[in-house]
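Letters A, B, C and D name the chains as they come in the text, with residue numbers starting at 1 for each one.
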Amino acid sequence: MSTTDRNVAYRQQAREWLSEHAPSYSGSVRDGLSVEDDLALGKRWQRLKAESGFAAITLPQEYGGAGGTEVEKAIFSEEEMRFDLPTAYFSISLGMPIPIMARYANDEQRNRHIPPAIRGEEIWCQLFSEPAAGSDLAALRLAARRDGDGWRLNGQKLWTSWAQFSDFGVVVARTDPSVPKHAGLTYFYVDMKSTGISVRPVKLLSGNEDVNEVFFDEVYISDNQRLGDVGGGFRVAIDTLMIERYAVTDPAGYGPPLSALIDLARQVGDGDKAAIDDGQVRDEIARAYCEQQGLRIIHDRAVAALARGGEPGPEGAVRKLLSAASRQRIGALALDLAGVEGVSWSEGDAIRSHFSASWLDSPTLRIAGGTDEILRNTIAEHILKLPQDYRPDKGKPFN
Amino acid sequence: MTATFDLDADQVMIRDQAHEVLAEYSTLSRLCALLENKEGFDTALWNGTAELGWPGAVVAEAFGGHDIGWTTVCMLAEEIGRVCGAIPHSSTAVVADYLGTLASGHPDREYLADIAAGKVIATIGICEKGTNLLPAQPSVRFDGTRLYGTKAAVAFGAVASHALIYVRSSPGSVGLVLADLNDPSVMRQPHPALDDSRGYADLIFDGTPARLCENGRQNSAGWLLDRAAIAYACEQLGGAQACLDIACDYARTRTAFGQSIGRFQAIKHALADVYAAIEIARGNVYHALSPDGLANLPVAAATARLASTHAYELAAKTAIQVHGGIGVTWEGGLHHHYRRSRVLALELGSPIGWRNQLIDHLAGAAA
Amino acid sequence: MTATFDLDADQVMIRDQAHEVLAEYSTLSRLCALLENKEGFDTALWNGTAELGWPGAVVAEAFGGHDIGWTTVCMLAEEIGRVCGAIPHSSTAVVADYLGTLASGHPDREYLADIAAGKVIATIGICEKGTNLLPAQPSVRFDGTRLYGTKAAVAFGAVASHALIYVRSSPGSVGLVLADLNDPSVMRQPHPALDDSRGYADLIFDGTPARLCENGRQNSAGWLLDRAAIAYACEQLGGAQACLDIACDYARTRTAFGQSIGRFQAIKHALADVYAAIEIARGNVYHALSPDGLANLPVAAATARLASTHAYELAAKTAIQVHGGIGVTWEGGLHHHYRRSRVLALELGSPIGWRNQLIDHLAGAAA
Amino acid sequence: MSTTDRNVAYRQQAREWLSEHAPSYSGSVRDGLSVEDDLALGKRWQRLKAESGFAAITLPQEYGGAGGTEVEKAIFSEEEMRFDLPTAYFSISLGMPIPIMARYANDEQRNRHIPPAIRGEEIWCQLFSEPAAGSDLAALRLAARRDGDGWRLNGQKLWTSWAQFSDFGVVVARTDPSVPKHAGLTYFYVDMKSTGISVRPVKLLSGNEDVNEVFFDEVYISDNQRLGDVGGGFRVAIDTLMIERYAVTDPAGYGPPLSALIDLARQVGDGDKAAIDDGQVRDEIARAYCEQQGLRIIHDRAVAALARGGEPGPEGAVRKLLSAASRQRIGALALDLAGVEGVSWSEGDAIRSHFSASWLDSPTLRIAGGTDEILRNTIAEHILKLPQDYRPDKGKPFN
């Protein structure tokens, strides 16, 4: 059987499995659930996937992964995304910290930590950003000082997704403030139940509380929880951000599908004609449709490149840049079409089905995980080979 | 930065008072609380402004008002917009302004005294669902003495004492009525919205006593909407300027990559574009308040509204973007402007409707 | 940077040949000369590509063509677009493609051999004034044997030997005819245009012999236009990529204020936006060439055309802006792309018409 | 009579004078004229203005100016702009070099040079930009070295408007390359007929040739043609760029008026409906209308500020930024409406009456006299008080 045939068969198998199981964990089943209940549902879904060989598809089977290919992972993600499943709680955990553990931790640590994470029994978070270190990650201040065989951590992290539900986390700390900022960092993993860690959810503009402040007060970490060299933490942090070779994302930026806007535009209007016959509405829909279709083809080609053993290419930045801005624009347009009733919004409205919720949340999308500005810099520097911005702190001691 | 208004000494005094009362009441923590407690508006701020006589600003002295003019009302709207003040200043002023145009014998003129005394909180319910400004068939029916039907998503409908409602009466006929919202026949259904500090409600009328409130203009509701658009444009302009000021302050002080983020052209140029949009909005608002603008009200109101809507929405989202993560937090507070910029763009009808009003007039004039 | 096409070995060879011939003929000085001498197209380049067999690329081997496929034709269009090549490659290929769909007995199929032999230079005259793609009442009338009337602003009309023209015949009926432009009944009136390297002419028919050239499809002209849109999109994509490459090179080498201008975020971010637009266009073009795209041609062609039009126009104007003063000089040469980006956006009908084609299909599908 | 009344009267007087005289020098009178003939017409118009007290309105009467106020100048400009007069040849000459001569030259030089320039008999150009010094003026290289009592100039200027018709010019040269770039410049005026000066018109994308390259080959200048101190040239250059306190410009960016687009949109369409009924067209027109009206009000307020003795404010950058981009967008839209026939353009088509000519020329507008990027920097730094860009060459010797 050729690779292509195998992938077609895999997709079929994934589809069948999902159509059998996913409905009991998605859609209306989740309506009205508290976050805690939704998380519990998500944990059950994750365990079922692990038992059926659909969890952590690219990780080795010895740890409970599926030992599959990047293409299989992409195929399963595409198919899984058709359902509205409670998978968000595991996207960080299994996307970055756990693969990093698989790369950097020792055998004992891998055996202890990877299987329960894949089964959804334990969740990992990623403690990187800080109040004064967002786009500029290397400016982080959380301090780790030597204490006997281990380290004491003091300081604060911010924007840590799902920290409130996490059992463990990977953390970058400053171990030497006297050297230039990138050189003084070291990377650890930490038990989130350690004495001295406190987590405070941060309420976002939409009312969501999926990110947190995490405070470290004399938190002790054994040196064998260090991943990589002392002073080598920035390298491991970059590895963490790059370790997912390819992540399937939604061209509509997880907002309502464009077909919902088209339906709306066919229903409302000014009394004389439907909004779909208004040229400005048509222009916006056409623009969004071209963008989303272009992104879908870019995705297909990236998966094809993976299947040929190549690299998926650097288009992820384009995808995030365009889909975030588009969701904001499309959301506003949909409310314009609704007129006075466009103001309607209730806390908890699903982003996928409510344009007002999608619009309200969209600024977060344009900032989290790389602001529009950072993404444009990434494209300009990494793809177009234009020079880096001026960095006055380059080579200077951090303190 | 350029001021919108050329103020006389009285107006400067009024503005300084406004700064005080707004700074006292319209704080970030109170704004957050308003979204959470669902009170629907800022009672303390309203009472504070009522003490200063703002509700009666355009009411004739004969009714106990201050009669300090439409421009002053709009200047106060700008100050309220600057702090995201959650009070129905503009709608109350517009209703007072409208009642003042009624024929001298019209009984609704009596409400002017109540407005001046701060006893009436007024809102307007004209536009409905869809992209047109005036609905061809308003959803509330007036049978000559009573009102029936629902006006959806009326701003401050949950807290106002009276509402000027656009209704259909005899077949094919439309008009305005002033409804007493405290009448037992009125049910107010809270309407959860993007900005819950503005007490949206569906007003459900079931036999509410009323009488026509027409000033003899051919399109009184259109006229009212145009006047309201100008007051709203001032709120939007104030909000936009506040967003720009806040973002510039942040850009000067926040550092990343070893320098203040205001040194990055991505930030500088985005804020320069906001400045340009605000100056264009300011020009159009100023025009709408001038004799030339008032003489060509539908065009002047539409341009003031379109330009100010654009400026406020651009300013609010740019301010958030400049702030990065802190910009999208609840406590960071910029979301108040972000929400407000959107609801102010919708409350007086879809931007598409205003675009059409402008072009219909321009194309008609070119014809 | 990402290539549009996944090429096989033959296609790589053809592309390498293309690079050579295009580099030899399509130079900046020749492009400037073409605007000045009003020859209407690049004869030397055309002859060079004819020697390589490009005009017969989609012609069946039975007619002496190479039959190397539509995708190869489009790949060549991309290469031509990259250097602003001034030849009717796309229109000739599209006409050949269309003639190949005629019933086997149709006499116009004989032209395929002439195309393959490089003896026919073909253009298309379908769209007219206004924002619709297909005119309801085409300006040229066909009485069953002869043509009358004027088709305005036909690209390469001044130099082509034949043109596929959209005509009206019996009342209410429309169709395509292939007209011999060298017939003495045809007058060609040069039509001065933004890009005079494309020999625009008004074609004036006064009794030109012709016959219907229909392939039995319900909307043959629409089908032809869709195919043409895809070839044009490839030219646009090539042009856009060239503008981006030129601008990035310049940004890396030109200095101002003591550093390379490519270090300024205003430049970096503008070029990043161009990159994004090009990648989106590339995705849509690729889709339009895929079996899925060809199966849903009106939507795939419209998206390829809209996205590529946007990308090329954005790239051309951004490249000029990045260059500053030198960007607007005659000798700097970027104006060729700037002109070309605009005329390619118009030759196959207004972008508004393509927008409508897309939305009509999407809204129909949603219905 | 109050100031307001005086200004109303002045406008009335300007209108009457213009309506009597301008028609013989404008509009169809200019159709088909060669540049030389148009220049000759312009010189006659300038002489007539000078004789009637409408030339160089703010310059002193002793030199042939009108000795008037900034407001009178603005009023006359507004009224004069209603006609399509051949005034462009004098806009630089009387806008910058001549006022600078009035400020920096000695009495004899003023008496020699200012009156003929005001009468239009002599034209002055401004030799500032160079191939490697556009936005970054202080990077200019044209060298001036001491030679006895005077200076020898060698090098090249670029983008010099009307140099081919100019009798004199002001020029900034580098007199000391060993000091930081702003400190090594000196300002002179020069006779354009001097030995060693050659002028080559630069053809622009639209075919226009109103700017030039100017080459200096051992051009001798007496030291008494120096304006300002040796090494003080950058200051005088900035004075030159700022000396026009307020220049009246067209909110439509000298393109066709918006009413022409509205008329076009009412005439063309898709067969079923006129383009004016298309929402996208409406949106673009509405946006441009709001911008142009906003700019008009900004202008009125600036003039009112001048009338009160205040400063007009820094909004000039906004005006240029918006009107240039708008002209490009509106031009493209107008061609879109024309469909296939939108490609039409003939060299020499007037920008005011042809959207294709307006579109083709619009990139020039976005670059000449301050690029969009420089304008945004100006707004950000001078109005919003944001910090200056990083300048790595700051304080370093030029060479």
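Annotations for the structure displayed:
We take it that a residue touches a chain if its C-beta (ideal position, glycine included) is under 8 Å from a C-beta of that chain, and two chains touch if they have at least 3 such contacts.
These numbers come from a predicted model, not from an experiment.
Simply put, of C-D and A-C, more C-beta pairs touch at C-D. For chain A, the chain whose average C-alpha position is most distant is D. Inter-chain spacing, taken between the CA centroids of chain A and chain C, is 42 Å. In this assembly, the C-alpha centroid of chain A lies 52 Å from the C-alpha centroid of chain D.
Counting partners per residue, chain A has 278-283, 373, 376, 389-390, 392 as the residues that reach two or more other chains.
Residues of chain C in contact with at least two other chains: 259, 264-267, 269, 352, 355-356.
Put simply, chain A touches chain C in their complex at residues 259, 262-263, 265-266, 276, 279, 282-283, 285-287, 289-291, 293-298, 301, 313, 315, 318, 321-322, 373, 375-377, 379-381, 383-390.
On the side of chain D, the complex with chain C involves touching residues 129, 131-132, 134-136, 139, 158-159, 202-205, 207, 268-272, 275, 278, 280-281, 328, 332, 335-347, 356, 359-360, 363-364, 366-368, 371-373, 376, 389-394, 396.
Those residues of chain C lying in contact with chain B across their complex are 264-266, 269.
The residues of chain B lying in touch with chain D in their complex are 1-2, 244, 248, 251-252, 259-260, 262-263, 265, 267-269, 271-273, 275-276, 279-284, 286-287, 302-303, 306-307, 310, 352, 355-356, 358-359, 362-363, 366-367.
Residues 278-283, 390, 392 of chain A touch chain D in their complex.
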